[in-house]
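Note that chain A is present in both complexes that follow, paired respectively with chain B and with chain C.
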Partner chain A sequence: MITSRRRTPYILILPLLLAFSIFMLYPLYKVVESSFYKASFLNPTFRVYVGLENFRWLFNFKVFDPRWSYFVAALSRSLLWVGGSVGIKVVLGIAVAILLNSQFLAGRRIYRTLVIIPWAIPWAMSSMMWAWTLNSQFGLVNSILLKLHIVDKPVTFLTTAKSAFLTTMVVDAWVGLPFMIIMFLSGLQSIPDDLYEAATVDGASDWTKFVRITLPLLKPVILTTSLLSLVWTFNSFDIIWVLTRGGPIRATETLPVAIYNVAFLLTRFGGIGKASAMTMAQVTLVTVISVFYIRTLRRGVEI
Partner chain B sequence: MRKLLCVVTVMAVFLMGVAMAEEVLKVLMPIGGGYTIEDQEAIAREFEKDNPGVKIEMEFVGWAELWNKIITSIGAGAAPDVMYIASRWIPVLADMGAIIPLDEYITPEKRELYYDMVWDTVTYNGHVYGVVRAMSTKVFIYNKKLFEENGVKIPTTWDELLEAAKKIHNPTKGIYGIAMAGKRFVSTVTQFLQYLYANDGRIVDEKGNVVIDKPNAVRALEFYKELSSYAQPGIIEWTREDLIKLFETGKVGMYIDHVHNALKAIEKGVDVGFFLIPGGPDSVKRYSTVIVTDCIAISSQTKKKDLALKFMNYMTSFEKQAEWDLKLGFVPPMVKEKDLPEFQKWYWKPYIEAIKYGYPQSAGVKDWEGTQEVLLDAIQSVLLGQGDAKTALSQAARIIKILQK
Partner chain C sequence: MKMSTKRRLKGIIYQILAVAAMIFLLLPIYQMLITALRPSDLPWISPMPLIPEKVSFRNFVHAFQLVPRLPRYLLNSFLYGLGVSVISLCIAIPAGYALARFEFRLRRPLMVFIIYANMFAPIMLLIPIYVIMKRFGLINTYLSVILSGSIFTIPLSTWLVTSYMQTIPKDIEEASFIDGCSVYSAIYRIILPMISPAVIAVFIYAFITGWSQQFILALVLIKTDQLMPITQGLYQFFSRSSVRWNEMMAAILMSTAIPVVLFLSVQRYIVKGLTTGSLKG
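Up next is the complex of A and B:
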C-alpha cells in the first residue's frame, strides 16, 4: 500500500514527462545535433559532421551585404526590435494597469474583459487584421487620419525600412500588451491600500507614491512578466511574416525570420545545419538574458 | 480479461481486413487561390468509385506552406505518393532525386494534347518531371470608362503604356494609372518578369548563363520603377493577389492579372477590357506574357508508382482538365480545350492568344526560392529608391550565379 502511494506521484507525472521529452527535449536535442552537421532538406541522405563550421558560417556569410554577416545583421535587428517591443509593452502595460486599477474609472470590469481580446486572437489572424487596418487604400487608420485632416495623403506604414520596422514592433506590442496588463493589474491589486493611505497622510504626491510604493512592490511582477515577454517576442515570427515577410528589402528580417529563410528558402547557401546553428545561438542568447533577469529578480525579491 | 482479449482480437482482425482491402494513395494538394478542399476531394471520390479497393488520402496545405511541407516530408522520408507542385520547383526537387522523371510514362497521345510551351515548363535537364494541371497567362485588364474619360487608346508599346498610366493617374481624386505589386512574394517577381520577358530579358539564358544584369533587364526594372510613379501609393505593401480589391473600386486604370479576377471586377460593375502586354523597346516581339504552370509530380519514395501514375493520368485527362480549368478560371494548357464553347467567350480570347507569346516563368533557374529572394531584394531596393536598377541587378546576378552552380 505504501509502495503504491509512493509510486502514484511518479505515475501522475509520467504523461507530462513523456510529452516534455517528445515535444521539447527531443527536438532540442535534434537542433543541437544538427548544428554540428552539414545537412539540408535538399539532400536528405547527405549528412556530414562539420564540427563548429556552421557556427563559423554565422559570422562569415556575407553574400547579401559585405559589411555584416547575414546572422549578425538579423541578430542586431532582433535585439532592437525585441527591445522596442518589450519596452512599449512594459511602459504601456503599467500605465493601462494603473488606469484599470483606479477606483475612479467607471466600468473598469468591462474594460478589463475587453483588454484581453487581442491576446485571445491567434497571432496570425491579428497580423492579417492589422495588415488591412494599416493598408494605405482601405485601412481604418488612414481613413481616420484623413477624415480628421491629420494627414493630407494616405500614410504607407509598411513600405519604408524604418516605418515597417516600427509598425511591426507596435503590432507585436499590441498583441502582447493584454498579458502584461493583466499581470501588472494582479500585481497592483496585491499592494496593500494602507501603504498609500499612510503616504497620503504624510503628504506624498501621486508621483512619489508611484515611484516609492508602486514601482518597488511591482518590481518582481515587472521582471517576471518582461522576462516571459522577452522570450516570446524573441521567438515572434507570425507577425512579421504576415505583415512584411521580412521586407522591405531585409528591414524586418529578425532572427526567427532569418532562420526560416536559411532553412527553407536560401537552402543552397544555408540548410538545416546552419539554421540549427542560428537557433542554438538564439537559444543561448535568450538563456543568458534570462539568467541575468532571474538573478536581478532574486535581488528584487530580497529587497 | 478474456472478454477484453476477445474484443481486441476481433477489432485487430477487422482493422487488418480493412487495411488489406484498400490500397491507400497519399496525395498532397494545395488550398487557397481558388483551390478548395471540396473540389479536390470530389475528384478523389470519383477515382475511388472507378477503382474499387483504392483509397485516395488527400492532404491539403495552403499555397504559402506547400514548399516547406514538400521538402520537410521528403527529408523525413514520408513524402506523399503524388504531389501537386509549382513547376518552378522542379529543378530543385529533381536534383534532390525527390521526384521521378516521367518521360517513359508520357504517351505520344498525351504529349500531343498540350502546347509545346507547356512541356517546357516541366522539363529539366531534358527530362519531363510533371504533368501540368494548371496554367496561366496574364494580360492587362483595363477600366474602359477611365480610358475613355482620359482619351487613352489601348497601348501597344511601353511608351504608350507609360503615357496611358500618366494620363489616367490623378491621386488627389484617388485614381491611379496602374496597380502594381511590390511586396515580398512570388507574384511580385512574376509581375516584374512580365516586363523583363517583354523586353527580351531573361534571368538565365538558354546556355545557362545568368543574364539578369544585361541592359535589356536593367531597362525593364527601370521601366517598372518609372511606371510605379503612376501606381497606387505604397506598392511595397501590395501583392498581385490583392490588387483586384483595388481594381474593383473602379479607380485604377489597368493592371496585369488572371481572367478569373477580371470576371470578379465585371461582377462588381467595372467595364473591363483586355490588352496583351506590349513588347519592350529592346524586343522584336510585339507582345509577351509569362507562362506559369503547376503540375502533378510523383515522389521517388512512392511504393505505388503504377497507382500514382494512374491517378495522375486520371486527373489530367482531357475531360477532367477542362472541367478544372473552367471551374477555376485557368488558361487551358491543352490545345483542344480552346475549342470548347466556354473558351470562345470574349474575355478568354486575349488569354488564349497570349499563349503563343509566352515564356516559362522559371526557365533555366535551378533554385527558384533562392533566386526569388535575391530578385525581391533588387526590385524592392529600386522601388524604394535605395539603389539604381543597374547596381541592384548586378548584385542579384552575382548571387544568382552562385545559386546556379
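Up next is the complex of A and C:
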C-alpha cells in the first residue's frame, strides 16, 4: 500500500509537469538561447551566433530619440506607466473598498455586484468601448466635461503624446480596479469590528481609526495585491495596442508593445534575437517582483 | 441628536462618493448601451445626449450585416474557451489532488513554481511560442491558440483545486481505500463530486479567459478570418478608418454579455480562491 502510493503523487502531477516543461520552461530556455543569436521569423532555423551583440544593441541602438536607446526609452516608459497605473489602482481600490464596506452606505450589495462587471469584460473589448467613450465629438467623457464646464472645447485624449500616455494609464487602471476593490474588500471584512468599537469608545476620529487600525491590518493584503497587480500591469499589452498601438510618436510604446514591434513589425532593424533580449528584461523584472511576492506570501504563513 | 444628523450626513456623502465611483466604473458600459440602442439613422449630435431620443433594437440585427462573420467569431471564441478549460481541468484536478493530499519531495517547490507561473503573460513567451508553433506547422490552427492559451490558466486552476481540496476532510476517501478502491477511481467517483464547486469555478474561469483573453496570441498565431476569436474579429472593424459605432457597440454588447453573466455567477468562488490563496499561501 505505502510503496505503491509513493509513486502515485508523481503520476498525478505528471500532466502538470509536462505542461510546464513543454510550454513554459522550454520556451523560457528558448528566449535565453535565441537572445544570443541573430535570426528572423522568415526563416527561424537559419541563425547566426552573435554573442552579447543583442544585449549591446539594447543600450546602443538609438532610432527615434537621440537621448536614449530604443530599449531604455521603452523600459523607462513602461516603469512610469506601470507605476502610475498601479498607484491609481491601489489608492482608488482602497478608497472604494472602504466605502463599500461602510455601514453608512445604503445599497452595498448592489454596488458590490456592479463593481465586478468591468472585470469580466475582455480587455480588448474594454479598450474599444473606452476609445468610443473618449471620442472627442460623441464620447460621454467629453459630454460630461463640457456640461460641467470643466473644459470649454472637446479634449482629444489619444492624439497628443502626454494625454495618450495618461489616458491609456487610466484605462488600464479601470480594467484592474475591480480586482483590487474585491481583494481589499475581503481584507477589510476580516478585520474584527470590536477593534473599531473600542476605538470609538476611546473617542478616536475616523482618520485615526484608518491610520491606526485599517491600514496596519490591511497591509499584508495591500502588499500582495499590489505586487500581483504590478506584474499584471507590467505585462499589459491589449489595452495600449487597441487604443494607440504604442503611438502617437511612440508615447505609449511600453516594453511589451516594443517587444511585439521589434519581433513582428519593425523587421528592418528588429528580429528574433533582439526581441528575445528585450523579453529577457521583461522576464527578469517579472521574476524579481515574483520573488518579493512569494516571500510576502511565505511571511504571511509563518505569522 | 447631534450624533444622528452626523450619521445621516455621512450616509449622504458616502452615497455621493459611491455614485461617483460607479460613474467611473460603468461609464464605457453605459456609453456602449446607449450607442447600441440608438437607431443608426438618427443624425449624430455633439455632445451626445445622455439618454437616447429613440430606442431601437435594429442595431443588433445590423451588427450581423456589418460583421458578417460575427457568429463564426463567437463560435471560435467558444471553442477556444472550451479547449482551454478542458485542458486546464484535466491537468488541475489530478495535480490539485496530489498537492493537497500527498507529502512528496517536489510538493513545496512545485507550489512555489505555480505561484511564479501564474505571473506569466503571453508577451513573455510570445516569440518561442510562435517559433514552436511554426516548427510543428500549427500556425493558423485552433490547437495553437488552445495549447498556448492553456498554459496561462493552468497555474491558477491548479491553485484553486488544491486550496478547495484542502478544505475537504480526508475521511471519506480513506474509507474507500480500505474498501479496496484505487486512488484513481477514488478521484473519479468520490473526490470529483465533492469538489464540484471548485471544478465549476475552474471551468468557468478558464473558459472566460480562453474565450476572451486571447488577443495577443491570436494576433500572432491566427492569420485567417475564419479562425479569429471575437476580440480580434471585432478589432478588425474597429481599426478601420470609419467605424459604424452603433452596430459595433451592439456587436460588442452581444459578445461581452456571455462572459459577464458567466463571471458574475462564479465570482464568489474565484474571489474566495484568490483571497485564501493570497492569505494562506
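Keep in mind that, in the parts below, the second predicted complex is superposed on the first by the 280 of 303 C-alpha atoms of A that agree within 3 Å, B and C clash if a C-alpha of one lies under 4 Å from a C-alpha of the other, contacts with A are read in each partner's own complex, and residues count from 1 in each chain.
Assume contacts are C-beta pairs under 8 Å (C-beta built on N, C-alpha and C of every residue); 3 or more make two chains touch, one makes a residue touch a chain.
What you see is a predicted model; the values in this text were computed from it and never measured.
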| item | value |
| --- | --- |
| Partners on chain A (chain B, chain C) - clash or fit | clash |
| Which of chain B and chain C A:Phe264 touches, first, second, both or neither | both |
| Which of chain B and chain C A:Arg212 touches, first, second, both or neither | neither |
| Which of chain B and chain C A:Phe41 touches, first, second, both or neither | both |
| Chain B versus chain C as contact partner of A:Arg56, first or second or both or neither | neither |
| Chain A: partner with more touched residues, chain B or chain C | C |
| Touched partner set for A:Phe138, first chain B, second chain C, both or neither | both |
| Contacts of A:Ala161 with chain B and chain C, given as first, second, both or neither | first |
| A:Arg250 touches, of chain B and chain C: first, second, both or neither? | first |
| Touching partner for A:Arg109 - first (chain B), second (chain C), both, neither | neither |
| Touching partner for A:Lys153 - first (chain B), second (chain C), both, neither | first |
| Location of chain B clashes with chain C - one stretch out of 94-102, 184-192 or 238-246 | 238-246 |
| Contacts on chain A seen with chain B and repeated with chain C across the two complexes | 41, 44, 131, 137-138, 154, 264, 272 |
| Interface residues, chain A side, partner chain C - complex | 5-6, 8-10, 12-13, 15-16, 19-20, 23-24, 26-28, 30-31, 34, 41, 44-45, 92, 95-96, 99-100, 102, 104-107, 111, 113-126, 128-133, 137-143, 146-147, 154, 174, 177-178, 182-183, 186-187, 190, 220-221, 224-225, 228, 231-232, 235, 237-238, 241-242, 256, 259-260, 263-264, 272, 275-276, 279, 282-283, 286-287, 289-290, 293-294, 297-298, 300-301 |
| Chain A residues within the chain B interface of the complex | 41-44, 63-64, 131, 135-138, 153-154, 156-161, 244-250, 261, 264-269, 272 |
| Complex contact set, residues of chain B against chain A | 67-68, 71-72, 74-77, 92, 95-96, 171, 182-185, 232-237, 245-246, 367, 369-370, 372-373, 376-377, 380-381, 384, 386, 399, 402-403 |
| Chain C to chain A touching residues, read off their complex | 7, 10-11, 14-15, 17-18, 21-22, 24-32, 35, 44, 46-48, 50, 87, 90-92, 94-95, 97-99, 101-102, 104, 106-107, 110, 112-113, 115-117, 119-132, 134-135, 147-148, 150-151, 154, 158, 183, 208, 211-213, 215-216, 219-220, 230-232, 234-235, 238, 243, 245, 248-249, 252, 255-256, 259-260, 262-264, 267, 271, 274-275, 278-281 |
